[in-house]
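So that we are looking at the same thing, I have put the structure below in structure tokens.
Residue numbering begins at 1 within each chain, and the chains themselves are lettered A, B, C, D, E and F in the order written.
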Amino acid sequence: MFKFLFLLAILILSSDAAVQDFCVADLKAPESPSGYSCKSVTNVTVDDFVFSGLSAAGNTASIIKAAVTPAFAAQFPGVNGLGISAARLDLAAEGVIPFHTHPGASEILLVVQGSITAGFVSSANSVYLKTLKKGDLMVFPQGLLHFQVSDAGYTSVGYVFFSSSNPGLQITDFALFANDLPTKLVGATTFLDEATIKKLKGVLGGTN
Amino acid sequence: MFKFLFLLAILILSSDAAVQDFCVADLKAPESPSGYSCKSVTNVTVDDFVFSGLSAAGNTASIIKAAVTPAFAAQFPGVNGLGISAARLDLAAEGVIPFHTHPGASEILLVVQGSITAGFVSSANSVYLKTLKKGDLMVFPQGLLHFQVSDAGYTSVGYVFFSSSNPGLQITDFALFANDLPTKLVGATTFLDEATIKKLKGVLGGTN
Amino acid sequence: MFKFLFLLAILILSSDAAVQDFCVADLKAPESPSGYSCKSVTNVTVDDFVFSGLSAAGNTASIIKAAVTPAFAAQFPGVNGLGISAARLDLAAEGVIPFHTHPGASEILLVVQGSITAGFVSSANSVYLKTLKKGDLMVFPQGLLHFQVSDAGYTSVGYVFFSSSNPGLQITDFALFANDLPTKLVGATTFLDEATIKKLKGVLGGTN
Amino acid sequence: MFKFLFLLAILILSSDAAVQDFCVADLKAPESPSGYSCKSVTNVTVDDFVFSGLSAAGNTASIIKAAVTPAFAAQFPGVNGLGISAARLDLAAEGVIPFHTHPGASEILLVVQGSITAGFVSSANSVYLKTLKKGDLMVFPQGLLHFQVSDAGYTSVGYVFFSSSNPGLQITDFALFANDLPTKLVGATTFLDEATIKKLKGVLGGTN
Amino acid sequence: MFKFLFLLAILILSSDAAVQDFCVADLKAPESPSGYSCKSVTNVTVDDFVFSGLSAAGNTASIIKAAVTPAFAAQFPGVNGLGISAARLDLAAEGVIPFHTHPGASEILLVVQGSITAGFVSSANSVYLKTLKKGDLMVFPQGLLHFQVSDAGYTSVGYVFFSSSNPGLQITDFALFANDLPTKLVGATTFLDEATIKKLKGVLGGTN
Amino acid sequence: MFKFLFLLAILILSSDAAVQDFCVADLKAPESPSGYSCKSVTNVTVDDFVFSGLSAAGNTASIIKAAVTPAFAAQFPGVNGLGISAARLDLAAEGVIPFHTHPGASEILLVVQGSITAGFVSSANSVYLKTLKKGDLMVFPQGLLHFQVSDAGYTSVGYVFFSSSNPGLQITDFALFANDLPTKLVGATTFLDEATIKKLKGVLGGTN
């Protein structure tokens, strides 16, 4: 028996050294194109693979009446490099997750409460629009513009899952109006008039 | 204005022809290593991207007191090639999703009801075990053995999401006992005794 | 010498059968998530790998004073599956390629004539903006909003190259205004007022 | 001639700086999801690309009568990031490599001595079983349970090659019985009875 | 018990339909950039995953005194899409596998008989050269020029494994001299003189 | 309004931390198989994404009458990890970019001046050869031998783009003759005679 245990210990030891079953993010070490550096396996615990930050509702007391709480690699280090991550959507009645894209991932939405009208637009400019009830799934292909709106009379909650541990998030309104892009350039590249742009820059904190 | 519309129509037409924003599965056409063939875009509707099959509870009236309902590319054609898919877990009190692996994907579990004790074992043979409440997430790295059990006194529901549209599912007990692998060979490769193997073959429908 | 030739012929024959150096698109056969089906090697000629469609200027006589001519897999079958493709940009003075994204690819712009001001916005909402002269390159990371404008007094020409043979192209204005998305929904998801939306729908051919 | 040499030297120098033909593992530097950090090219020698650790037989004097010797990136730094690695299997007569998976790789077995019965089980629970002689190859698709047994009367040797430089190795018996997973939980998730579990925990060094 | 079997049968049936554990090549169906189309799982047998074509020695009675026998997806359909394949090298004393590349894969060589001097050249033009004995491994990074030579006095056998099921094989001499590339063009692009080129074209069957 | 801005700021802040839209190369930090480490986003400016080093002609006053100027990740840090890079080709009349491969990338050539005859050879030893004029594109599949020659009477300029930020570059003549590979070994592996090898070693700076 001793020999058996000894041999298997050797075998396990060898393969252990070579193992990269996972790569829990060390948020303070350098990043590479494939994600964060890995925390030493010695310091990894089950809590790296568990995330409770999506169990509480986000604060919807804002003019969008909605909140997004991410569980990407930066918040949930266990997903680093595993090609998957999550976020929680809270929407008061008529709350809105405005048009946005995830540059690096496809998304599945699961509705767990309420009623959400969601849609995406393809490169061919077709609209795919549906009202979803509790338990419904909808998939949004990588990089395409999409949105979610809580239907009138419903407080809605959804969870979204991504095909990357770093999906990114680009909210169109923010990209256009919440930074220092010159109004004239925004106008030229969106066909919006100057007054509209200046108004939205005002609301969203943009300048120029 | 006519010229503008005309030009943009041309532009869109051209890019439209090249578009492969998504590849909704045509389940009757040939598969390739990258997944199912794509349904013609002309025939694609929003319903290809929406799946309601996980809104109803699975039937837990069995000895595992649990059910798994998949939304992989074969059930949910819109996810084909998008690197993501889903499934629903229903567990009566003390219901069990037995030890299993997904050969081609990592998994995130979201608990939406009850209390689930879940765990996985790494290549280095370490156990990562946690009791999860409603709203908790847990990630299971690709290919590793894992399980989920509903805690006593709780009827639990979870949704799982995968980093592939074809994650696969290999339940260890089924792989070992529910087919025609000769009892002697199962014994030699698992160290289980013949009586145990024959008993489990009996329960799970295996032969030889 | 005969044996030598014979043996090498065998060797080449064997490896030839296994070769997949390239996969020239057969545009009429089924697509898979990895791209178009491959044309039989027997029918492939050098002309599949050469594309002259970008040698002539596009027509800039439109209100955007610009044209985009794609050389994606649908136009240039030789690039199918090779992870690269191209397009030509023609811009009259003050011509504009409006804000857009490529859902599936990063892009490098090469300016070959004139002066182009180009920019992109990151997920963190930072603006990266530069005026480029002949011979300059600029890279636009995958999926991020970007635009190109020809500077006053310059007729400009650029070539863009993508890290995919099917990069996709989503022009934000088109996605928002050139289809049947209801005005109210566009308003809710963009914060634009109804009059602005209706005006742009009018210009771009949208309804509802 | 000087100019020629000079120019080409420049050219080579430039491209040299950009080269990442390989990434020999620096086992002491941080890992990323794509593998180990690269050793400086200056310190790389041919010995990083050569591995002699599989030339000697492993010790089969154990109850499994078998040994596995890995040549993964941790043992053979030259393979890091190249998508390939190896291991040697030594089996005395009736020696067994028990049921196991490689979470991150497909495997090809080459039999170089003896007679090996090998098999794998698919997600669909089908058994693919074959007795292999010297010179035979068998492929085991990624993540699926498989095993190898030396036939009675044969001392067998095999070499296995993987589609990853970090394939991982999860031996089912070890995952279930050689750690501190509570006996009750193992029972619930495997349908094995407590006595069987406790016996195997005893043999394999498990607790609880 | 009936319910249990019934439920699990459902579960397995569902997941079975979604399974793509492997994609055995259907050599007569269309190829995609990801490989051959998949044979129907119903028609797959263990023999698709086993290949005996490398058990016999290749014929080394030629001027290179060597033979290469491939087990790529075209010969060994079970490896299609699994990211791995193999070949056998037979070399009489001083037999040579001439300088060549695999455009799409890294390679590991296992020497099983004799003594082989192998080498590769990096993009930085460094030579990595080693004499290998039985049991030694050497890795050749993707796309780089490499060769194998059997040492004087040794009949050598090696097996090579690739990180792709379609690695490709481009023998430099063949690419330069065994086709209809005009002698003048070969001269201009290799700096070889016309006489040398014509001689090698003669030996290798080239024209022009 | 304050609440709205506050909430969105939180949202952006959270997602910002998780963002990996790009990974500008930090050339002094460790490399991984996926490329260079990322420079801190705080230090990234638009100039990391712009490269002017290809705007000037390379020096063609050499016996190849040609120059290659790379814009790979080492020269153009913004492309790191984005799967794309570039280079400029300058060719005097009858200038030659000799036979070479890029081990890790496919290439598209854009001719911007003159007339270039370009070709590649497949694994099946077929030649794909074409004379290209200004505005023509030609694609060279990954890892295959190819060349470019400026036609008599034309000073030619081309830009090439790659499907990797680290395509590598292996010039066949350099790999064979510009290092210390023993003449005898070069002879054995190329079928060239000793005098030819020694002459080319002399020209290209090789020894042995």
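The definition used in the following text is that contacts are C-beta pairs under 8 Å (C-beta built on N, C-alpha and C of every residue); 3 or more make two chains touch, one makes a residue touch a chain.
These figures come from a predicted structure and were not determined experimentally.
Fewest steps needed to get from chain C to chain E, stepping only to touching chains, is 1. In terms of the stated touch criterion, the partners common to chain C and chain F are A, E, listed by label. Centroid analysis (C-alpha atoms only) places B farthest from chain F.
To fit its Cα atoms onto chain F, chain A must turn through 120 degrees, a value rounded to the nearest 5. Put simply, the chain farthest from chain C by mean CA position is D. Residue numbering at the chain A/chain D interface overlaps only partly, since under half of the positions present are found in both copies.
Here the repeat of A-B among C-F, A-F or C-E is C-F, since over half of its contact pairs match by residue number. Of the two chain pairs examined here, B-E and B-D, it is B-D that is joined by more C-beta pairs in contact.
In whole angstrom, the spacing between the mean C-alpha positions of chain C and chain D is 41. Averaged C-alpha coordinates put the centre of chain A at 26 Å from the centre of chain C.
Once the centre of each chain is set as its mean CA position, chain D and chain F turn out to be 35 Å apart. In chain B, the residues that touch at least two other chains are 12, 15, 19, 21, 30-35, 82, 103-104, 119, 122-123, 125, 129, 141-144, 168-169, 174, 178, 203.
Under the contact rule stated at the top, the pairs of chains that touch are A-B, A-C, A-D, A-F, B-C, B-D, B-E, C-E, C-F, D-E, D-F, E-F.
Contact residues on chain C toward chain B in their complex (touch as defined above): 30-35, 59, 61-64, 67-70, 72-75, 103-104, 166, 168-169, 171, 174, 178, 203-205.
Contact residues on chain D toward chain B in their complex (touch as defined above): 94, 96, 98-99, 101-104, 117, 119, 121-123, 125-127, 129, 141-145, 147, 149, 168-170, 172-176, 178-181, 185, 188-193, 196, 200, 203. Those residues of chain D lying in contact with chain F across their complex are 1, 3-8, 11-12, 14-15, 17-21, 23, 26, 29-30, 32-38, 80-82.
On the chain D side of its complex with chain E, the touching residues are 12, 15-16, 19, 21-22, 41, 45-47, 49-52, 54-56, 71, 76, 78-79, 82-86, 105-108, 110, 112, 119-120, 122-125, 128-130, 132-144, 159, 161-163.
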